[in-house]
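Heads up, there are several structures right after this.
Look at the two complexes coming up: chain A is in both, with chain B in one and chain C in the other.
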Partner chain A sequence: MEVTGSELSTTAIGLKTKIRDMFSMLPIMGWLFGALIAVILEQIVGTPLAIALGLPKIPALFGFLIMLKKPMLVPSTMLYVLLIFILPIGIVARLSFAAANRLAERLINFSMPGSVFVHLVVLYAIFHIWAGISDYRLLTLKFTLIAIMVTVSLNVINGYLGEFSCSHPGFMALGAYTASVFSVSLFVNDSMFGHALIPSFLGPFLFPIGLILGGCVAALGALIVAIPSFRTRGDYLAIISLAFMFIIKSLIENLEFVGGPRGLSSQPDWANLPTVFVWTVVCIWVINNFVRSTLGKALNAIRDEETAANAMTVNTKRTKVVAFMFAAFWAGVAGGLFAHVLGYVNPATFSIQKLAEVLAMVYFGGLNSVYGSIVGAVSLSLLGEALRPLELFKWIAIPLLLILVMIYRPTGLIAFKEFNVKKLIQPKKKKGKEV
Partner chain B sequence: MSLLQIEKMTHYFGGLRAVHNYNLRIEPGQIRGLIGPNGAGKTTVFNLITGIHQPTEGSIQLGDENLVGLHPHQIASAGLGRTFQNLLLWRHMNVLEHVIMAQYSKMTYGLAGAFFGTAKRKRQEAEAEEKAYGLLKLVGISDLAHENVLNLPYGAQRRVEMARALGVEPKILFLDEPTAGMNPEELIQMMEIIRQVHKEFGLAIFLIEHRLKLVMELCQEIQTLVFGEVIAEGTPEEIQNNPKVIDAYLGKEAID
Partner chain C sequence: MVFFFQNLINALQWGSFYALIALGYSMVYSIMMLFNFAHGDIFMVGAYIGFGVAMGLMALASLMSFALPGWLVLVVTILLSMFLTSFVGMFVERVGYRPLREAPRASAAITGLMIGIILEMLILWGVGTQRISFPPLIETITYSINGVFITNKKIMIVGVSLSFMLALHLFIKRTRWGMAMRAMAFDFVVVPLMGVSINRIAAMTFAIGSALAAVAGILFGVAYPVLDPYMGILFGWKAFVAAILGGRGSIMGATLAGFLLGFIEIFVAMIFPSTLRDIIAYSIVLLILVFRPYGFFGEPYSAKLRL
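This part shows the complex of A and B:
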């Protein structure tokens, strides 16, 4: 009995490693191909298949919503997900791995930025086709991308610099309102700001200016938190940053020309998927560049041992100001996009709930890691949407999950890992044991 | 003209006089020692010179630059490298990153370079890395370049600090108890490294040490600090036989 048991387990382990080896040699390009085929497949046969399986419509978020609402439909939803996503992605990725590897190698030899560009184009195509199925998907995707921006930028302060900053919703609010005022006052006939000053067809081209403006205002606001950080750290700075968030909120509530507590609406619909996607990519790229430079690693030096950093020629004050303003800038840009995706913004959005959300994403994903922040933002955004049918219980399920992560991985899922784009997109070695 | 010139430096912590009327001249290439019993104010002297504390009175000159009132990072950039008594390493960084970080002030690529990864940044980072490897080789830990500092044995951590201090391209190196907590074997190795560094760069070195063996062997001149005041100054032999020094270390009866 014992012998067969152990034999069984060794074959099971053998199978597991075999599968792992099989998939570990698939380059990212292969997965992208698989996903592309899957979303195209859904576009073509999604509706008939959903009807054939007795589903009301194409499952919007991989069937989570349907399964939680109508447990009777669980088998057919799972079958749908299996047929449309899991099998095609797995099979295509497996079958195309030689071709994908060759392509990845050729691209990376040709030029690194070119290779990144091709990967991003394929990724965008996947997003575009996937989100084309329903408005709900589109909205979820946009919010997820914005959540990535906010999380990665907050990680600069809370992870890389090691301060516990609670002011990020405040920065988002500054960016959201600045960008909104920019676009509503200049391009829209609005009861609050009067006639449009610039013809609205120019709007989408000038929109980046509005976003950057929003980012800059947020960065200026960040000075209010950055300057106390010269003299105080840890809990005290956390309180200051929390105060900052509430100051911004009540400031906006009392500014009548932006609508006070009622909020500001009629933002034009410029934050389409390509815009949000491009901004997210730029945000990740710039932040990743920064944290990998010596100037960016100085944040880590300050976090770990400020006295030593100072004695090793690191200008700690300047570094702190840069970190806060830089992170706030991206939070501001994300806020501007957020306002335009929603077409409406009010001060209550940027409150303690938002703060909890963003902090959860950062700490769930992992400190000091761009990679972790992306994972954290995506998983918690999607989870938040997927568990929506649970209503109140959602706010028990997600925190519980967070607690579990904190018990087993106190610094988050993927902490202290460098986000190395080159490693990500390079072809995988045949052995599957590539270091 | 002296490399480092300190005149009448005095410092109070509240009402407590930590350092009083401290004078020092270090010539280029000289190795100086600072000894004294626990709590004599040795580390305070270091912290005053390196800008962590500001002296209440007195002047500090490095070359022709006045150091009083400057920030620690400015003083370091002016050419003062230091190590710390209780190893202030950055716990999430590897050895190589430590030595590159010390070259922070040489990175002139600015924020544009940091954000967008310009060619200038790539060149300067590569130069810094190469130089860091050289320094690690000098202190004998180039094979540990990619280890996290926390995984290193104590002696190697001390060497990391030494390489890091050299990364700032100092004209003068401050060593705060470089052999604290070391066993005799590590002590000999560290002395060898200090000698080598001194020879290689022709550096002036100013060190605090408890182990008289090291001070006596390395230093050309020694100061003895007791209760914030220099009670004796001279060559190792003079210091060794100075009754005041023996008194401070061992008590009055030892003299009798």
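This part shows the complex of A and C:
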């Protein structure tokens, strides 16, 4: 039988839809199982396989670093990624889809929070095992999670409220310094603050108080930006928030008791992976609920037409203050975590560079969408790390990518999409069947 | 009194840099309703182009064993760099802003920021990380009037910037092109229907703004002869503050606010410890904006203006 071109293409399309159908039935649980198996596999056979393939050690970030540094190792690195990640995830996810679907359905019928909890535990296990391979992975993962918090909280102002706020590094700085002063002055024998007042074994338990304090100070600082926003919007508010950022940075540089421009160091190492993970999850959960609440919808109303929103009984002043303080709170918490992950902060960290980075994450991921912010933060942080071997050209490649995204999708990759947890974790049904 | 006048002269010089850069922001704003966030980096590129042109001219002169007077080199450098930098501005407009004319304004702001980073990196790649020093084209002569010290460079810098501002004012008020720009600033929907090409006007606005930034860059190089690829960032943002303070899209306002910001920064640094400069300067800016939320010459507007 002769195969014509058109027949060939129809079989190709058929194969494509077949594969798509096959994977569209997979619930998120299946993917998580696959990833879990993959990271466990890497833990067990990663090192021998890497040596057998001629790699110096286990590729840290899916082989990007090695491939860019030594082009000779590209085939073996790709083979490694294929064998350790792509094939196991694909095969396990495909094989377990019936079981995963059943499990997901049973869990969701049992209790919704319980189901979310199980998913999160599996996700954490994947992170934990994946990051256990090297300290570099652990650090990258922590910074990525913190970037998610900052980006999601900035999206509340820049996306949902529709203002162009430039003050987020300032809020982060407030949180970082408050939390650092809290932990260094109370728990550490330090030259700047003297002896520890509280035994340090209590530290990790009281650490959340320090973070929340940092968040609250940042929220108070947000009032400076929020109150002028009653009378002005747009570019003028951008300047007010920018001036606020300069003022905070300069203020910290002039405060000698936190080290001035030299910075503040010797933060205890409390921001371990579980802490950062839990805070990130809580942050996403709270912000997602906030933007889907009546108050969150009021933000959108103000963005679209402030006068009309006011006429429709939206208390615009209260809404703006709440939005700014809320976003600043989470930026402050993220700043506190950032300081403790790094073990050092200085005012120069929270300057224009940080602002450009955070803004890029928000606008790359997509406005008005928690989902988009997560995507933006994760992809830009990982890209920033993965392209590190390019050195200078990294800072040409990433901006070029952003310009392209802005030109072809001006509101970002995934804009105006709601983050629906239930939809995400529910079992996938076959097409055509009623749910 | 001597102290005051001495600082007044320093402030005039410092303010003229801000004013020249702020003019570029303001002109682009009045036409396109958006801020060109790459402008600070265009200022930096202008300074580097000026450096290249000056070095090239001096090398050419020595090669042909021909003594060029320093002021002539400076004049040619300024004019040639203005010409070259205007192409950088037009390129930025073509790549980063024209495709985004219908997009939300914040997206264009992001492309501007990113183009700024790319410009920095290109300079860093081309020149290297070491700071380079601008050639001393004219000798410094210090005059003393009743104890106030004035150098010929300061007079030259303030004079050149003021004359370029005046030239811009005349261009906008007296020429056909200037009229087209004013018309476009007034209404960018109807005016293109009257046969004025918005693409051409936008490119021209970017070119003029960039040329002024190049002037600021070269004058900065003359006054503080150290160039580094990141010098545009802070200058750009501060000039942006000045442009907003003056009132968006107001040429007059941008000039005045540029000088005002220079005065605030210099006098705060003189009266208080210089580390407090940014806090006090920006607190003053914040207060001004709280009481005059639309700047000195701006008008209240609805955010829907562009839509």
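Observations on the structure shown:
As a convention for this text, the second predicted complex is superposed on the first by the 424 of 435 C-alpha atoms of A that agree within 3 Å, B and C clash if a C-alpha of one lies under 4 Å from a C-alpha of the other, contacts with A are read in each partner's own complex, and residues count from 1 in each chain.
What we mean here is this: a contact is a pair of C-beta atoms (placed from the backbone, for glycine too) under 8 Å apart; a residue touches a chain by one contact, two chains touch by 3 or more.
This one's a predicted model, so the numbers in the text were calculated from it and none came from an experiment.
With both structures placed on the common chain, the touch criterion links A:43 to neither chain B nor chain C. Of the two partner chains, chain C is the only one that A:228 touches; chain B does not reach it.
Contacts of A:315 after superposition: chain B is touched, whereas chain C is not reached.
In the superposition on chain A, contact of A:24 is made with neither chain B nor chain C.
Looking at the shared chain after the overlay, A:406 reaches chain C, while chain B stays out of its contact range. Once the two complexes are laid over each other on the shared chain, residue contacts for A:200 go to neither chain B nor chain C. When the shared chain is aligned, chain B comes close enough to touch A:368, but chain C does not.
Shared-chain residue A:250: touches chain C; no touch with chain B.
Touched residues of chain A, counted separately for chain B and chain C, are more numerous for C. With both structures placed on the common chain, the touch criterion links A:242 to chain C but leaves chain B unconnected. When both complexes are aligned on chain A by C-alpha atoms, chain A residues 305 touch chain B in the first and chain C in the second.
Residues 158, 164, 224, 228, 231-236, 238-240, 242-244, 246-247, 249-251, 253-254, 305-306, 352, 356, 359-360, 363, 367, 392-393, 395-396, 399-400, 402-403, 406-407, 410-411 of chain A touch chain C in their complex. Remark: chain A residues 286, 289-290, 293-298, 300-301, 303-305, 307-317, 322, 368, 416 touch chain B in the complex. Interface residues of chain C, counted against chain A in their complex, comprise 35, 95-96, 99-100, 103-111, 113-115, 117-118, 120-122, 124-125, 233-234, 237, 240-241, 244-245, 248, 275-279, 282-283, 285-286, 289-290, 293-295, 303-304. Of all residues in chain B, those touching chain A in their complex are 50, 52, 71-73, 76-77, 82, 84, 88-93, 97, 100-105, 107, 109, 111, 113-117, 121, 125, 128, 164-165, 167-168.
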